[in-house]
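What follows is a group of structures, each given as structure tokens.
Below, chain A partners chain B and then partners chain C, in two separate complexes.
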Partner chain A sequence: MPTLTIDNQKITVPEGKTVLEAAEELGIQVPHFCYHKELGAVGACRMCAVTVQEGSSKGLKMSCLIPAEDGMVVTTDDEQSTTFRDRVGEWLMLNHPHDCPVCDEGGECQLQEMTIASGHGVRRYAGQKRTYNNQDLGPFVAQEMNRCIQCYRCVRTYQDYCGGRDFGVMGSRNRVFFGRFQDGTLESDFSGNIVDVCPTGVLTDKTYRFKSRYWDLQEAPSVCPHCSLGCATIPGGRFHELQRVRSGENQLVNGFFICDRGRFGSGYVNHPERPRQARNNEQLIGMDEALRQLDVEARGLIEQHGPEAVLLLGSERTSLEANWLLQQWAKKLGCREPVLAAHGPRHQAAQVVAFDLSDRLASLEQVRGSDLVLVAGADPLAEAPMLAVALRQVVRSGGQVIVYDPRPVELPCEFDHQALSPLALLDFLTAGGSDGQHVRELLQHAESPILVGGADLLGVEGLQRLKKMSLELSNDQRPCLIYPLLSNPNSFGAALLSLPEQDDLLTRLETGRVKMLVCLESDPLLEAPESDRFSVALTKLDKLVVLDYLPTPLSVHANLFIPTRTPVESDGTFINNEGRLRSYAGVLEPGLPISVAEDGGHPPREFSTVSPGSDPLSASRILQILLKDDSSLVELHQQMVADFPRLAGLTGLTPSDAGVRVADAAARNVVNIDLPEQPVGTLQLIVSPARYGSDLLSRYSDKLEPRFSSAWVMMNSQDAAERGLQEGDKVILDTETGSFCLPMICHPQLAAGCALVENSAALASLVPGAGISYCEVSREVSHE
Partner chain B sequence: MHIWRDLRGTVQPFWITLRNMLRKPVTVQYPEQKQQLSPRYRARLILSRDPDGNERCVACHLCSAACPVDCISMQAVEAEDGRRYAAWFRINFTRCIFCGLCTEACPTLAIQVTGDFELAGRDPLKLVYEKEDLLVDHCGHNSEYNFYRQAGIGVAAPRGTNSTESEPVDVKDLLP
Partner chain C sequence: MDSIEKTKPVGLLEENQIAEFIHHARELEHPRELIIDILRAIQKNHGWVPDEGIELTATILGLTPLEVEEIATFYDKIFRRPVGRFPIHICDSICCWTRGGEGVAAYFQQQLGIEFGQTTEDGMFTLLPSCCLGGCGRAPGVMIDHNFYGELTPDKVDRLLADLRQEVQA
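And then the complex of A and B:
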């Protein structure tokens, strides 16, 4: 641990830290551009010059490149280095177009800050400025190359860190250009990160173009609600409109970056059809009245028909607090315990993760640091995009990634892929075949092996086998940890709170004893399999109550509708896939955004103390009102910890924290569903989430529309040939859920004997994670 | 002796009144008669146009950031030619303290002060000025400056044709 002196202050830093990092720890800001905590230094901008007075090499040095040495004496404010930095600031500004007023980066521009910090103020150079032509980089990123200072951060992020291939650096001498070979949409699913890292306004967020200045935005640390990873985000809003999301920093989870789904999938908050008023059938009512009616009717029905009469349905996308309060409300009402997730099989798989696997869970940081990762039954880019980036870091640091999945999985790195059908995958996990033995041997010899398992495809059975495998592969020196992928931001939380051996939603509804169903931020029509059965079961109800912030189909059917707040409008906690409590803070008060409201976005000229659309209350607040409970969030957390000691980490947890792991728990023997026998001549049906538009939040986000895919069915080329089908043919897909007429595409990398479809808005009735089922694909008979 | 002081205090005001009765009055018969104001007088704000007749305001939010009483709000949008302008621009003159900080912050010389101080009325809402009330048809104090001819992003003139710029580079060129 070297101890060095910077500007007469002594500091001891760990071995390998650079002088720049040491200075930052002391609170001394050395101006810099190309150095980034995650990307490291390349010494391209020459901005961070300091003078080494004592050390192995003395003189003017780039502080981002020289490691701290013991006994080193460094000055940052001496004549030589300040003059040098002043000159560098000046020549970095030589070609700058001086257009800060019309630049979106203005106010949060590192070039503005560093130019001031370096001391450069007045332009002396009278020569011509270099100019570039810009490229159209698609719907997410806007480019203005004249502002570029050639720090290479974008390329290092896009290519090196995130593994994109279609954006790079080209040109020679002072013509160096950062872009694609030709105009076109950036293909990477992590393209938005170049907006965050760009220190000037070259790359800006096109969806946020000219919307606000940084200083006008309301921002708060939050958690991404688009998948189960719980990446740190910082949403920003103004005029009741959520205008952008940028990545937060959480070294244990996402590091510095987030995926495009999380960044551009925020449109659901401002959705023009978002219901913002309580409703009794067709009639709009006030919130107080709606809550009173809900309370009176629920109690009335229970008195009349017994505890079965009211069924409360929680959700995997609502906060931990709301799910817990729902349980308390059920106790108070005297009805049976709530079902906390509409999707039965997914909920069961999440329980395996929350209980059986709880002592073997890895963090995403551990995945990044692993040397061998086995991905079983997971498509990271679709289910948890930031995992794909983490896997790239494994490969970049010399590790290996092996994928066993029926789908033609794509990853932004080199990996070995074996296409196994879901049934064969289960056999593989119990060391079936020489292949299984070989992978086990590799894992046995790895230093920090990690097993990634997708709960949707593996199911209860697969996850339990994965656990067995992880136990076998662990030894005294090191454990073999598991990194499971769940479906929703709070799947883990809902599973943790759930009681063992519950009947699922449909079984309870179909008894006919349920008179009133209360859906809390959940729409079984879209989020659960067998939506037909559910529709029929709905007709047996006397009363359907929906509390939600999305304009879901179920909210249209609701007899009583109560609007709730989105995660960006409320405080709460999610538990991510590795059992980490991550709390988020509200950014905005709910209200009709000016841009959605009247008059083409012009603010009204009438003034009132109530803004339109400000009725929604957070789900937990609504339940607190129903419970007549006035406790604050901190008090609520104390009660929750008393009820569930596993949640001890909740005390003192703040949104800017990296999050605390829940305590381990004993295994819960989740009932395993027997695998159905495969009928001869059928294919195994795989329903995979689409990369964009499978989770409900991104489905209701207009910004992501350019990325939405159409519906298709994919078959292995051989299977298609056997049935006499060709790519592009219209085929009939016969499943247990129903028949679908879809175009067929062939892929040689899809496991044989399988048919793959993607769940998205275009094919909403097939929901992932419903367990193994079989289907038949045949040519469409044309009626002419 | 207090008596002298009291006597002086009684007579002196009458003397001052008498003396001023014979002087020429300094008050003006406003509103019939108008005072000549300094050209730098700070009163009602306007949004001026550039010499080409386009709106100068690019809705950069610097005036609203500089405003100590938060009386300016706006929303920027992009025109088809890439020009950034204000979709709406609102100054609440019931709040404005006419400090002129907005004009000092304005990088495009769009927002300027005028000598029109007659901003009184019975309805406060009439003092909330919208863009159409603020936008004038002249250049204001400066008849030359055009921001887009100085900023090199190719809006007023094609890219690389402003006087201080060279032609856009060919990035695929490998010549030294």
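And then the complex of A and C:
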């Protein structure tokens, strides 16, 4: 641990830290552009010059490149360094346009800050500036190359870190160009990160263009609600409109970057059809009245028909607090315990993770640091995009990634792929023949092996087998940890709070004893399999109550509708896929955005003391009102910890924290699941989430529309040939859920004996994670 | 092979050249080593490398067009725009400069009536500045079609241009 002196202050830093990092720890800001915490240093911009007075090599040095040495004496504010940095600032500004007032980066521009900090104010250069033609990079990123200062951060992020192959640097000398081969949409699912890393206004968020200045935005640390990883985000809003989302930093989870689904999937907050007022059937009512009606009617029904009469349904996308309060409300009402997730099989799988695997879960940081990752039954880009970037870091540092999944999985790195059908995958996890033996041996010899398991495809049975594998592969020197993928931002939280082995939603509804169903931020029509069965069950109800912030089909059917707030409009906590409590802070107060009101024209000219559309309350607030509970969030957390000691980490947790793991749970009894027998001539049906538009929040986000996919069914080329089918044929897919007429596509890398479909708005009734099921594919019979 | 058929414009590479490059690329751990070789082969056949040439190279090597373009645009001896029959690379590095390179460059421009980066109207000559060509002992010099011509004077430049014109007519 070298101790060095920077500007007369002594500091001891770990071996290998650079002088720039040491200075930063002392609070000394050395100006820099090309150095970035996650990307490292390249010494391209020459801005971070300091003078080494004592050390193995003295003189003017680039502080991002020289390691801290014991006894080193460095000055950052001496004449030589400041003059050099002045010159570099002037030189970087040589071609840079003086257009800050019309540049979208103005106000949060590192170049602006550093230029002012270095004191460069008057341009001496009177010659012509170098100019470029810009490219159209698609709907997400705007390019303005004239502002480029050649720090290479974008290409280091896009290509090196995230593995994109269609954006790079061309040319040489003073004519380098950062862009694509030709105009066109950036292909990477992580393209938005180049907006965050660009230190000036070359690459900006096209969806946020000219909407706000940075200082006018309301921002707060938040958690991405688009998958189960819980990446750190910083949403920014203004005028009741969520205008953009940028990446937050959480070294234990996402590091510095986020995926495009998280960044550009925020449109659901401003959705023009978002219900913002309470409603009794067709009649709009106030929030107080709606809550009074809900309370009175729930009590009345229970008094009249007993505790089964009211069924409360929580959700995997609502906060931990709201789910817990729902349980408290059930106790107070005297009805049976709530069901906390509409999707039974997913919920059961999440319980295996929350209980049985809780002592062997890896963080995403541990995945990045692993030397061998086995991905079983998971398609990272669809289920948890930032995992794909983490796997790339494994390969970049010399590790290996092996994927066993039926789908033609793509990753932004080199990896080995074995296409096994879901049933064969289960066999592989237990014994797996010689191939399984070989993978086991590799894992045995790895230093920090990790097993990634997708809960949707593996299900309860597969996750239990994965645990057995992890136990066998762990030894005294090191564990073999599991990194599970769940479906929703709070799947783990809902599972943790749930009573094990309770009846699922449909079983309870179909008894006919339920008179009132209260759905809290959940739409089983879209978020659970067997929507037909659910539709039928709905007809047996006297009253359907929906509390939600999305314009879901169920909210239209509701007898009583109560609007709630999105995660960016409330404080709360999610538990991510590895059991980490991640709390988020509200950014905005709800209200009808000006951009949506009056079709984007002038806001209403009526005077009012409240802003239109500001009725929604957070789900937890609504439940607290029903419980007549005035506790603050801190007090609420204390009660939750008392009720569930595993949640001890809630105490003192703040949104800017990296998050605390929930305490381990005792493993439960292993339940043997009977897998359904495969009928002769059928194919195994695989329902995978689409990369965009499978999770409800991204489905209601207009910004992501260019990425939405159409519906199709995919077959292995050989299976298709056996059935006399060709790519592009219209086929009939017969499933337990129903028949679908879809175009067929062939893929040689899809496991044999399988049919793959993607869940999205285009094919909403097939929902992933419903378990092993079978289907048939046949040619559409023409009616001519 | 289908995709190669689709992206193959006439006259970029011969069938057997394509087959040979594909064969060679399979034996390499890093097929991108071949980028320059393929681009030069295209340039030899076609005079310069059009977008289709970049795409063809990418298809042969299993790369994205961007990955080929990054290399193609880095080197000033790979032409991404049409050039004349004889691109003239005039050295502007220090040895040639000390021996009157600037004067030679000016003389070329005056004789051909074009500036750096331009092509003569008859499509014969393109003038390009170049960094050191390694002919310092015979400075000032130029490179034309892989041949180095040194110790240039206005007389020698006149003769050189006349010879080249004649070569085309012959």
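Keep in mind that, in the parts below, the second predicted complex is superposed on the first by the 772 of 784 C-alpha atoms of A that agree within 3 Å, B and C clash if a C-alpha of one lies under 4 Å from a C-alpha of the other, contacts with A are read in each partner's own complex, and residues count from 1 in each chain.
By our rule, a contact is a pair of C-beta atoms (placed from the backbone, for glycine too) under 8 Å apart; a residue touches a chain by one contact, two chains touch by 3 or more.
This is a predicted model, so every value here is computed, not measured.
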Should A:130 be classified as contacting the first partner (chain B), the second (chain C), both, or neither?
-> first
State whether A:414 touches chain B only (first), chain C only (second), both chains, or neither.
-> neither
Touching partner for A:180 - first (chain B), second (chain C), both, neither = second
Comparing the two partners chain B and chain C, which touches a greater set of residues in chain A = B
Considering only the touch criterion stated at the top, classify A:168 as touching first (chain B), second (chain C), both, or neither.
-> second
In the superposed arrangement, does A:472 touch chain B (first), chain C (second), both or neither?
-> neither
For A:144, is the partner it touches chain B (first), chain C (second), both, or none of the two (neither)?
-> first
Between chain B and chain C, which residues of chain A are contacted by each of them?
-> 170-172, 177
Contact set on chain C toward chain A in their complex = 51, 54, 63-67, 69-70, 73-76
Residue positions on chain A within touch of chain C in the complex are 165-172, 177, 180-182
In the complex, chain A residues that touch chain B = 97-102, 106, 128-133, 144, 146, 170-173, 175, 177, 179, 209-213, 215-216, 239, 594, 600-603, 605, 607
Write out the stretch or stretches of chain B touching chain A in their complex.
-> 58-62, 64-65, 73, 75-78, 84, 87-88, 90, 107-108, 125, 128, 147, 150-155, 159-160, 164-174, 176
